[in-house]
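As written, the chains take the letters A, B, C, D and E, and residue 1 is the first residue of each chain.
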Amino acid sequence: GEVRMMWYSDGIEGEVMQDLLNRFMEENPDINVTLDNVAYQVIMEQLPIQLASGEGPDIARVTNLKEQAEHWLDLTDYVEDPEYWRTNFGDQFDWMRPDDSDIIPGFMTQLTLTGGFANATLFEQAGVAMPGEGATWEEWVEAATQVQESQQTAGAFSIDRSGHRITGPMISYGANLVGEDGKPAPLDDAAKAFITQLVQWTDEGKNLRDVWVSAAGTTYIPGADEFINANIPLYYSGSWQIANLSTKIGDAFDWVAIGSPCGDAGCTGLPGGAALVGIKYTQNPEDVGKVMDFLAREDIVKEFSERTLFLPAHKGVVEAGGLNFQTEDPSAKAALEAFVGFTGTIMPEANAMPAWRYANAVYGGMVNRISQAMAGEMAVEDIFARIDSDIAEQVAAADQTK
Amino acid sequence: MRPATSAGAVVTAPLRWLARATDVPLSAWQRLTGQRGMIALFLLPNMAIFGIFVLVPLVINLLYSTTGGTEFFLSDRPQVGADHYARLLDCGNYLDPNSCRDDMFWIAVSNTARFVFFQVAVMTLAALITALILNRALPGKGFWRAVFFFPVLLSPVVVGLIWKWILQRQGLANLFMVELGLEPVNWLTDRLWAFVAAVGVSVWAHMGFYTLILLAGLQAIPRDLYEAAEMDGTRPFRVFWRITLPLLMPNLLVVIVLSLIRAVQIFDEAYVLTGGGPGTSTMFMTQYIYEVGFANLLRNPGLAAAASILMACVLIVLTLLQLYLSRRSGAK
Amino acid sequence: MGAITLENIVKSFGAVEVIRDVSLDIPEGELVVFVGPSGCGKSTLLRLISGLDQPTSGHILIDGKDVTRVSAADRGLAMVFQSYALYPHMSVRQNMAFGLENTRMPKAEIASRIEEAARMLEIGPLLDRRPGQLSGGQRQRVAIGRAIVREPTAFLLDEPLSNLDAELRGTMRAELAALHGRLGKTMIYVTHDQIEAMTMADRIVVLRAGVVEQVDTPLNLFNKPANRFVAGFIGAPRMNFIEAEDGRVMGVRPQHLRLADGGLAVTVDMAENLGAETLIHARTDKDQPILALLPGQLTPTRGENLSLVHDPADEHWFGADGLRL
Amino acid sequence: MIRFLTRRRGATGDGHGWHWTDIATWVWLIGGTILMFGPAVWLVLSSFKTPAGLAEFPPTILPYAQETTMLGDQAKPLFEVTLEDGITVTMAELRRVGIVAQMVPPDQPDAEPLKININDRTPVRQMDFATENYTQPFLQFDFVLFLRNSVYVTVMATIITLLTNSMAAFALSKYEFRGRNAVMLLIVATLMVPLSVILVPLYSVVSAVGLINNLWGVILPTVATPTGVFLLRQYMLTIPDELLEAARMDHASEWQIYWRIVLPLAAPALAVLAIFSVVWRWNDFLWPLVVLSRRELYTLQIGLNSYAGELNVQWHFILAMTVVAMIPVVLVFVFLQRFITAGIAGTGLK
Amino acid sequence: MGAITLENIVKSFGAVEVIRDVSLDIPEGELVVFVGPSGCGKSTLLRLISGLDQPTSGHILIDGKDVTRVSAADRGLAMVFQSYALYPHMSVRQNMAFGLENTRMPKAEIASRIEEAARMLEIGPLLDRRPGQLSGGQRQRVAIGRAIVREPTAFLLDEPLSNLDAELRGTMRAELAALHGRLGKTMIYVTHDQIEAMTMADRIVVLRAGVVEQVDTPLNLFNKPANRFVAGFIGAPRMNFIEAEDGRVMGVRPQHLRLADGGLAVTVDMAENLGAETLIHARTDKDQPILALLPGQLTPTRGENLSLVHDPADEHWFGADGLRL
């Protein structure tokens, strides 16, 4: 029959997926899979409306996994070997299914992990040694500041403007964002400490102002271009940047993935990723199951990861190792391998975030106010109360049901 | 004959045939129902589409604003009465957003008010000057029109992007500043400059639209009035103030009303350009509504609807005021 | 102030030559009337003099100065447009004041001039209306008012009285003549009205298809038309032309025919009773149409035979080329 | 005076010589060209840059790429190198280790590589148009299909917009009837509501009438645009009523009056609206994005936008396709703008 | 077809009553001329009949049917507007064809009617021009053409010849009269031209300030004006009024005065030479102005004393209330 897959791309994964689907269709001539390449915005804003009215594609690549879990199809009855699925993808099922449920909703097409990158060439030119494993945020920022001073770069470092990006560091500082009732807790001292520190670094010109100050609200702004242009020696983003950095930096300088610097409580990044899920409202779940089975095959997952330079979420693939990422760029290759290693340092609090319904409310609430403090509109002490109340209001409003 | 008229003939020949064909049933209708029937007929298609696709959603939106939760469909949403309005209007002092429960809303309101004022003023003036100039017989008329109209062809996102690239810290603008021996300017991260940039870019993007409206209006002013004025020995500025401007008034009114309404709705290009920053200094109403209702992962469509209804109320009052004033000042 | 000279003026619209080599000398203070068939170029000529249009070739001089390239605003003339061209958004008063305000005239002076013009034009009660609320004749009077309050170097008037009734027209004609006498300004006046032309003009310019046919005083034109066209055009009803054997043409005006025996034998086609006179449409035995304007209210029947005589002094003779002999 | 508003005035008012208004005009025109056109030209030039070129700070105006030379079977980048003795030579880089580059003269690939500090060299660049930004999407992107959808939506919506709006505007400008002001007010009032605000309710309505994933679902909600009614009405008010009266005396039905008298006389305003409608519908993004989620129904803008991912946007493709998508509207504009002047020569009244 | 009846028509613009209780009966086929001073309501009355305006009160009947509420398009009348109201976007030909196309007339028929009208109006060469490219008189002829091709039940003509020269006007007048004779359609004709009114009208309606002063045949109006207003209005130059001792007024037309001893002694103010006649402006010893239209080209000097006599049959007497005695 007819299967429609709604898909967004950050890079070439759309082409790779089309390629894989073509192969699938050759093997299964009775199933016609149409790949609807859409903007990420469609996935975020339009798909939910469609889902709410019981419409939508048969399969979709989504990132807002938990919130919409009720719409995912349980693949248990439609895949050939549910056990294969549970073994290889089971770790992330909780990210994408309602609490206390044991369905098989789909699988992660890629895992991501936040982490830092350093411009090795700049460090070398400045004659500053890169802090080693286990170095703290302060140490990294200090080292980067020395590079900044020596090389006259615009800033010492940058973190993407995103609540998701600063949550890892906050957890490393020891922050606990989840209250006992499972709802967001008011900011604790560790959280406040990191925020205060970050704002101070911004005021001092270490954290490149432009990234955080150039927007209001929850708008996501990456600092990648500043890093690419060697305006900052240190950049905190995530594994998904590797392909982007590789194409745009090219041979201009050497760069390395440094993982997440440490705080008092640990050195964690925040995991995440995108999942391919079946949609409950599909007319032919059997075909959906077949497509999903094909795409979840170990060799296919491996090929997909290697070609797209994504971290695979398939346990078998990860454990087997030996992924041959298809890039000429030694920096990229090294970074990918490094990130696979960093997955070991994820703290349990960080690992819990993707499955937490209110994570997004917390992320959004923080970004908005922190950038206000950075822009000088509010004192940093004053933003904490606002962050707490913003989040509380959002949660209260969201929890209203009929 | 001017080329335009012959081009016109190509278009009008089939149209005339169509007129004849359509006239049979329609004049029957006229005989049957008289002028009133015809008025109804002329209004019907537009009003029907308008009713279904504008009015009905508006009413739903109003209902929306009295419901809570994150669900999309009205039937799934719990009633919360005027809660959203209460939240938005809960302020210690309406002039100080910080004293409000929802300070972002009031920041957006005051930013929007300032933006509208400057944008409408600057743009109307620029469009008027440009239209006057384009109305002169210039060599290469079409080319100049295209030049000033060109940005209108661009989608707002592209507009925002182009200018973001131009104005960012190491963009083209600062490149020129340095070339000219001036200090680079923080166009997008300085509160004042970012606001100026938002106004300027929006003027840049939409001016051609209004210029065209004014140009069409200028073309409709009978020539012999200018000739009479010239015989009256009128100086150019006076002709402008006393002849051109009053006769252009209906069109100017269109321009002011439309630009005002569109300015209040400013979103895409400013959003891409400044994202509302630095801080919140260019965050406008629609961005607020958009974020609350869509962008935030925990959306609150009810609150967004309530904010949009408040915004529409303000706009209606503004427009009515404007229509009233212009009617009183004697323009037709 | 106000002598106007046209030197070899030509004006074309596209391929159509509308004015063909017109030269004319209008001394200061003269009242010149342009007459000619509809579409012969009278309005066009006025527009060229006013500066609103540029001649295709030729020169226009005002007081000896070449103004061909001077803008209309700077020529200091006033014009009454055939189309009125009133400012639709201004009241009658504002329409008239507009030109004066341009010269920064004191308010009181403006008001008194408007007062005076309104009195003369009988539009006092209309001063606060907009043009859209006026009748045709009222609009025309406002257009005249707008010109005369200006007291310009010269007036250009394009059929300024065409929409007025006979009585008002008579009054206005006298007023305009008086104005001309009082101000001594040059006036160029386009009209289709024979009486206006005859009574007001110092000289009449007869145009045909963009060419000047004759320029002379009214009586000279009437008494000694230079050619058949002028003879036919000046004087109403139109002059009768009777072809002689030798190709020459004899002209005699309908007013100069009398009923008397032994004259030209004609057959009546129709009689139009004008009140004090009767216009007889008749034809000769050679089927040439003849008009006769006879005093009194006559009622000849169709087909009746009449005999018309005239004074030989009233005969006009034209050659085969149409020129006066 | 008329010349100030209609043609070059000239010092003597006859189009010869220079009046200050001429100078002001040309200053405005040329300044305007730089300001209005400059960024657009830059957009076009940028669309020929590689992703790296786009990200580059400070930006170059023209697209550049580093020159390379073939050493063996590999392309190696060329640099201008300042040697210790101050001489500048062109060298190819074999490889770079940290801040040191190993370089050879391009004509002596086998020479002993020199170790050069990377600060002592600058890349040799030449203009290079990344035409693959254009060709690649054409290959994998169903350009023709999307184009067809866009054209369909634009043409249909524009025709319906012109027709329905002008009919309504005619009724609202040339007839007196009860409730006229109320209708006008309603129309103006609803101008106020940005689409993004009523998106969800509108979606429910369109979904209720079964137009989701249907091009008509994109067309219909946009055609009753109050802007058009308002614009046309204001213009129609300036058409003299006497012409309509003349037509009535000519036994014309009201429909004929609308079609044969009012529409042609409103040509300038219709042309303006047609231009706008084409631009709007062509560039429409948000609404089609909501209604159309099937590839075979995508309009160009939606197709284009599929290059916008979660964390990365492939600007090089978006820019190139933006430029391509712009061409049809430019053509429409060039064609229609003539009608703005082709309007009315005089009013036909005395 | 085409009998028109007005019953107690009143029309106000705001507070201004422009037409005040006009009742009128126009039998089928009659040619009625409306005359009256500028602004008296002639155009307004035409518009009411046409259906373009609605009377404030009163009824309009065509062929006995009350059409007060019938739309203009359905009354089947044709109108020539004082302002022409040509369709600016159509060529002359299209302007004329428009009304015919509306009646779905075959193309060939349309073409032949336009051909015929163009010939009669002498606008053949202009058929493909736009109104903006025409002279005033040419536009007016097109406006007439547009009406006559329609061959309507009745014609409403608002000063259709005011912008034409005397010759063309004469021709057109004859053509319109012939048309009227040929078609036998009712015509209502507004004019300021005495000759047109006198020669064309079956009956003349004299209006003043929205009121009908007199309705009668031209000669009756001329010979027996019902009151001083009509007497003064009909006939050009205007009738002389000489006040008698008893408050009565004697009127005598300038045309009826002759130079002869023993008559009224007057002093010459001015003499206007009209070509075949001379218009003498003079005043009596009681300073009453007197006009005399005398044949020939006279040149009395200012201040000269003349003696004017008239036939007692040409006297008109009016009471103090202005009514004819």
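Assume a contact is a pair of C-beta atoms (placed from the backbone, for glycine too) under 8 Å apart; a residue touches a chain by one contact, two chains touch by 3 or more.
Predicted model only: the values in this text are computed from it and were never measured.
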item: Least hop count linking chain A to chain C through chains in contact; value: 2
item: Set of chains adjacent to chain B and to chain E; value: C, D
item: Most remote chain, CA-based centroid, reference being chain E; value: A
item: Chain at the geometric heart of the assembly (C-alpha centres); value: B
item: Comparison of D-E and A-B by number of C-beta pairs in contact, larger one; value: A-B
item: Distance from the mean Cα position of chain B to that of chain A, given in whole angstrom; value: 38
item: Cα-centroid distance, chain B relative to chain C, in whole angstrom; value: 55
item: Inter-chain centre distance, chain C versus chain E - centres from mean C-alpha coordinates, in Å; value: 20
item: Centroid distance [mean C-alpha coordinates] between chain D and chain B, Å; value: 17
item: Chain D, residues touching no fewer than two other chains; value: 1-3, 57, 199-200, 204, 253-254, 256, 260, 264, 267, 344, 346-347, 349-350
item: Multi-partner residues of chain C (at least 2 other chains); value: 51-52, 71-74, 82-83, 136
item: Chain A, residues touching no fewer than two other chains; value: 45, 49, 53, 229, 231
item: Residues on chain D engaged by chain A in the complex (per definition of touch); value: 51-52, 55-57, 77, 93, 96, 98-99, 118-119, 140, 199-200, 203-204, 207, 212, 289-290, 293-295, 302-303, 305-312, 314
item: Chain D - residues contacting chain B, complex; value: 1-8, 21, 25, 28-29, 32-33, 35-37, 39-40, 42-43, 46, 57-59, 61, 163-165, 167-168, 170-172, 175, 177, 183, 185-194, 196-202, 204-206, 209, 220-221, 223-224, 226-227, 229-231, 234-235, 237-238, 253-256, 258-260, 264, 267-269, 271-272, 275-276, 279, 283, 285, 301, 315, 319, 322, 326, 329-330, 333-335, 337-344, 346-347
item: Chain E to chain C touching residues, read off their complex; value: 13, 35-39, 42-44, 82-83, 133-138, 141, 158-159, 162-170, 192-195, 198-199, 218-219, 222-223, 232-238, 253, 255-256, 272-277, 279, 293, 295, 297
item: Residue ranges of chain E touching chain D (in the complex, touch as defined); value: 50-52, 71-73, 76-79, 81-89, 98-99, 102-103, 130-133, 136, 139, 146-147, 150
item: Of all residues in chain B, those that touch chain A in their complex; value: 68-73, 76-78, 80, 87, 103-104, 168-170, 188-189, 191, 271, 274-283, 287-288, 291, 294-300, 302-303
